[in-house]
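When the chains are written out, they are named A, B, C and D in that same order, and each has its own residue count from 1.
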Amino acid sequence: MNGVQYLTEIKVRGYHADFYGHVNNARYLEFFEEDRWAQLESKIDLKRWAAQGIIFLVVNINVNYRLAVPVGETLLVTTDVEKIGKRSVVLQQKILLKESRKVAADALITFVIADKSGRAVSMEGEMLQQIEKLRQIEPV
Amino acid sequence: MNGVQYLTEIKVRGYHADFYGHVNNARYLEFFEEDRWAQLESKIDLKRWAAQGIIFLVVNINVNYRLAVPVGETLLVTTDVEKIGKRSVVLQQKILLKESRKVAADALITFVIADKSGRAVSMEGEMLQQIEKLRQIEPV
Amino acid sequence: MNGVQYLTEIKVRGYHADFYGHVNNARYLEFFEEDRWAQLESKIDLKRWAAQGIIFLVVNINVNYRLAVPVGETLLVTTDVEKIGKRSVVLQQKILLKESRKVAADALITFVIADKSGRAVSMEGEMLQQIEKLRQIEPV
Amino acid sequence: MNGVQYLTEIKVRGYHADFYGHVNNARYLEFFEEDRWAQLESKIDLKRWAAQGIIFLVVNINVNYRLAVPVGETLLVTTDVEKIGKRSVVLQQKILLKESRKVAADALITFVIADKSGRAVSMEGEMLQQIEKLRQIEPV
């Protein structure tokens, strides 16, 4: 944990919370998405991929809500590779309370790489090499 | 008021509210936007416009927040034409408490019609006729 | 399917979509949440529960994104009981394209009933009876 | 402009954009709100105010949308005091493209200080002193 550089740090504001005064379920997905993009763009040349019409398509999100997070807390978001398959990638993401490092939420995110027609493509060659770079995200 | 058919009726849920337990400022803009689209598509052939690359571009929103709306309330949203100019249209929108008809928020929304290049175009001929149809929105 | 009254019907607008022109992952969770509340309040006296400090706490969401939904589509949201356990309830929710009835997304939502201290409570007696009413949601 | 420390810098992501591929109108209000809270908490002891039941109540937002901001841009948000009146404060906020410093949107935000009953209070004595500290936000 020492010295790890987090890409995504979020101070919880009133507009992140819902009626119960806690971060809303849907908002967590935005926090996870923020860190995914930050990690992807730090490792992969996304512009070249976009020019080729290749997109990341999330097909499953499985998220555990472990702690109710009140306004005023500072959160860290982490992203690690869980598994790289032939046609899909599973990422593990966590939202941590910055001070105590307690896990507020964790999620497995499964995505595929799709071409212009919207169909998932097999990851091979250079594309696979690029995807493998995600493993270089320093584990927490 | 009698018998007016509202296009947009919204029950306020926990996820619409923020830390203070009231509908959040940004969420009101979504409620206004919901009714604008409902009104526009009930009067104008938006698909033909989209096919021509013509879009509605909001250039100013001036919104008064008059009442804090708690979870559980039912809201109505209204849209009237305030002014149709040569290059811009101003709509007046209101969010009302359904039961008391008190105004929770009202707004003036100014938009222009832009072409593919993103530049505002003069409204003339058939386009102006279509825009004029917005006046047929029954006033409240 | 014939004659089933849906509580939640949503016309997909431009502000629901993201950069790819499709409904955003986080927005789906709001659509599911909308129907959960509509179903819960149609069966359960939520105000009495709230007065006792009892809340629904979502602990897991497992959602499959099956179809990319473009702007202009009309969606239906459904909620069925998957399982009522001693300390948790699992709901199955679906988002359907209204016209074709194709499933755009489905999800298992696990929640617990928590008291003022935020701890999950066992569902017994009158509370369990109320929860059992959710089974009366007409299956699709 | 040289050496000014911005509190709020935002990389525009796909989930910030709408159907048109540009940052959505409602999302801009969240960007403004983010910087308001960052500025307020850097100058004012908000926790003490909250303990006294005193809240900031936004009563008007007047926002000009000047440039369509695409995904991938980096934005800066600024907050300056426009006017401190007896019962209300007007802030001027801007969203700038980081590279060119062009103004993408600007807004006047009027808020009042309200007590537990929701009524606006006159700003005097220590409260006024605290509010005056907002002027120390370094102008851009």
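In this section, a contact is a pair of C-beta atoms (placed from the backbone, for glycine too) under 8 Å apart; a residue touches a chain by one contact, two chains touch by 3 or more.
None of the values given here were measured: they were computed from a predicted structure.
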Taking each chain's C-alpha mean as its centre, the one farthest from chain C: D
Pair sharing more residue contacts (C-beta pairs) when A-D is set against B-D: B-D
Computed distance of Cα centres, chain D from chain A, in Å: 28
Whole-Å separation of chain centres (CA-atom averages), chain B against chain D: 24
Chain A residues counted as touching two or more neighbouring chains: 13-15, 20, 25-26, 30, 33
Complex contact set, residues of chain B against chain D: 20, 25-27, 29-30, 33, 55, 57-66, 68, 118
Touching residues on chain C, where the partner in the complex is chain B: 11, 13-15, 30, 33-34, 37-38
Chain C residues within the chain D interface of the complex: 13-15, 17-21, 24-26, 71
